[in-house]
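Look at the two complexes coming up: subunit A is in both, with subunit B in one and subunit C in the other.
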Partner chain A sequence: MELAFYLSGLVAVLATIGVITGTSPIHAVVYLIVSLIAVALVFFALGAPFAGALEIIVYAGAIMVLFVFVVMMLNLRSDTRGDQPWLHPRHWLGPSLLALVLLGALVALLAQGSVDRVIEGELLTARSVALTLFGPWLMVVELSAILLLAALVTASHVGRRNNPVQNRNRGGNQ
Partner chain B sequence: MNWWTPEIAAVLWAMFQALVILLGAVLLGAVLTVVERRLLGLWQDRYGPNRVGPFGTLQLVADMIKIFFKEDWIPPFADRPLFVIAPVIAFASLLLSFIIIPITPGWGVADLHIGLLFFLAMAGINVYAVLLGGWASGNKYALLGALRASAQTLSYEVFMGLSLMGVVALAGSFNLRDIVAAQEGFWFVIPQFFGFATFLIAGIAVTHRHPFDQPEAEQELADGYHVEYSSMKFGMFFIGEYVGMLLVSALIVTLFFGGWHGPLLPPILWFAIKTGFFLMLFILLRASLPRPRYDRVMNFGWKICLPLTLINLLATGAVILLVAPDA
Partner chain C sequence: MNGIPMEHGLILASVLFSLGLAGLMLRRNMLFVLMSLEVMLNSAALAFVVGSTAWNQPDGQAMFLLVITLAAAEASVGLALMIQLYQRFHSLNLDAASRMRG
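Coming up: the complex of A and B.
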């Protein structure tokens, strides 16, 4: 299990590097899918198969499909660009500094913790997840349901036919 | 010989089972291509392929030889890595789903306690085969087919998951063996009829079988997402479709029709008979129904099936709480 954890973690890291270094948007998205599946495997290795399966169903199976969908629609011609403006220091200096701080925090945390900690824990089944969600965290579940309902209403408002907002934007752009 | 322990024997037996089920699924998928053509011929009042061998039984061999020896051509304008990996995803994701299906009390590859979720995850991955294959082909018909397929599959997968939740609630488990065991007395198709109906529709749509095969409609898209594929790559898409059909039939039997349960006959026969019945149903649907318009398909999914599954789930939950409030 430990081996599976480290291997899938490695795959996740490598795939994520592939996301940010790839020049073709669709390849980047495919790398992101691989990364998400690797993260799901990490969940499996940690003994949380329910979370792992949901990760694949929701993120890899639904959300990333929409990403691929949009990339397919938008980037038919401007697929590979020769110039790489992001190599210029002023584009990556800020994010790298922030990431360096985070790395420092991680290393400090690892340095003070005990090294011989192994990955183990009880198996998190669907039943225990459900009991936790609808027991002590019922309020949070209800709140996120309300949030999703609001998003649904907004989406159906924005997407409806003869939408004044949409038509105004369309008129303004062209 | 002290290495021959019961554990080794159990491992080898499990591996043997997995191999048999894997090969069985692939072979059955291949055989189904010919069976379907013969049955379509029968139902549409014409001869099917009846020349090769007695009653056309060797047609499969002829098809295999042809498909193996064709040139495996990748178009120069295609995106090579994605073009190659798309049929692999199509085939592997469906084959992997077979590991959760319990065929008889003794046969079955894995006993996952998230069994049903594993199937849904694999069905989610399966979308990428069509999507990436269509995009990587660099062909507008393939791209249009892929766009249709992804929109359709995404819409139908939403309520496919929901339609199964009634069964999960009744059985109290995602594990398919538990679900089959819970159907000892009566099959879940009776309390979960709407779940069954919507799952059947979603299953046909997700495998792009006939009434829902707009992604590969010949008249409009010249075969849709796999128009640029040839040889074994096309073969993998093609056999993958039949493996998907087999998978959905086996799942319907397991989830709604009691799996291997049945009087008199041994479990393996009951499972085969029930699965065969649904395979025939799939082929009969293709033989008899016209293809609906694409926007009708989407409307039907979102406006009829999705509310139906939600109401079904609500009613199932209410009944379970009424019958056994403290369970």
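Coming up: the complex of A and C.
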């Protein structure tokens, strides 16, 4: 269990580095899929199989397939115009330094804390999660349903092929 | 070695979050910006699951489900915006959209 945790954590970090430094869009998407599957294995190692299965099904299976479809639809090539200058150290040094300082602060805070919890890997089954979700958390479930509806309406409105502003000017009131 | 200390899981989540933040700041391509956002949301979900398994309470996993819902909503709206950006500017460079036009 410990070996699986540390190995898949290492794979997740390396694949994420591949995502943020990649130049080819489809390679970056595949790196991100690898990273998500590694995080799902971390979930399995921690003893949360329901979360791991959902991570694979929803993240790697649905969201990333959406990314792959959009990359295919737009026929993106790997030249990424305007994204070349970031290869110069002057451009990536500042953001990396800021992120590194933030990471150092987080790790220092975690090292100072005295939680002293050890994850034994006891299984948290889907049954207990579902009883929590549809018991005390029922209102949040309905709020997330509203969020999904809003996202559906927004995506279908924004993603239209023709410009709504031009349409309004051309079509008058209909 | 017996069990995983909770700090290691949280440190993994913070490393992933920092990587996503660095990617968000240094990339100009909208596809990479959206993927960095996904990485950051995913690391927050990982922190929730680590807390849930450390205390053996299912509340963290319920929160994980909500984070996944939020990520799906964010990805769909972001990809629709990305398609609009590509149709108007024929490029995914976010600097091309720095001017607002009515």
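Just so it is clear, the second predicted complex is superposed on the first by the 126 of 174 C-alpha atoms of A that agree within 3 Å, B and C clash if a C-alpha of one lies under 4 Å from a C-alpha of the other, contacts with A are read in each partner's own complex, and residues count from 1 in each chain.
Following the convention adopted for this analysis, contacts are C-beta pairs under 8 Å (C-beta built on N, C-alpha and C of every residue); 3 or more make two chains touch, one makes a residue touch a chain.
Nothing here was measured: the structure is a model prediction, and the numbers come from that model.
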Just subunit B (first), just subunit C (second), both, or neither: which does A:61 touch? first
Who does A:33 touch here: subunit B (first), subunit C (second), both, or neither? first
Return first, second, both or neither, reflecting whether A:17 touches subunit B, subunit C, both chains, or no partner chain. second
In the overlaid three-chain picture, which partner chain does A:50 touch, first (subunit B) or second (subunit C), both, or neither? both
With both complexes overlaid on chain A, does A:72 touch subunit B (first), subunit C (second), both or neither? first
First, second, both or neither for A:161, with subunit B first and subunit C second: second
I want to verify the contact counts: of subunit B and subunit C, which reaches more residues of subunit A? C
What residues on subunit A does subunit C touch that subunit B touches too? 50, 54, 62, 66, 73, 76
In the complex formed with subunit A, which residues of subunit C make contact? 1-12, 14-23, 25-29, 31-32, 34-36, 38-39, 42, 45-46, 49-50, 52-56, 58-59, 61-62, 64-66, 68-77, 79-84, 86-87, 91-93, 95-96, 102
Considering the complex alone, what residue numbers of subunit B touch subunit A? 79, 81-82, 112-114, 117-118, 120-121, 123-125, 127-128, 131-132, 135, 143, 146-147, 150-151, 153-154, 157, 161, 174
Of all residues in subunit A, which touch subunit C in the complex? 1-2, 5-6, 9, 12-13, 16-17, 19-20, 22, 25, 28-29, 32, 35-36, 39, 42-43, 45-48, 50-51, 54-55, 58-59, 62-63, 66-67, 70-71, 73-74, 76, 80-83, 86, 91-92, 94-96, 98-100, 102-103, 106-107, 110-111, 113, 115-122, 124, 128-129, 131-133, 137, 140, 144, 147-148, 150-152, 154-156, 158-159, 161, 165
Interfacial residue positions of subunit A with respect to subunit B in the complex: 24, 26-27, 30, 33, 37, 40, 49-50, 53-54, 56-57, 60-62, 65-66, 68-69, 72-73, 76, 125-126
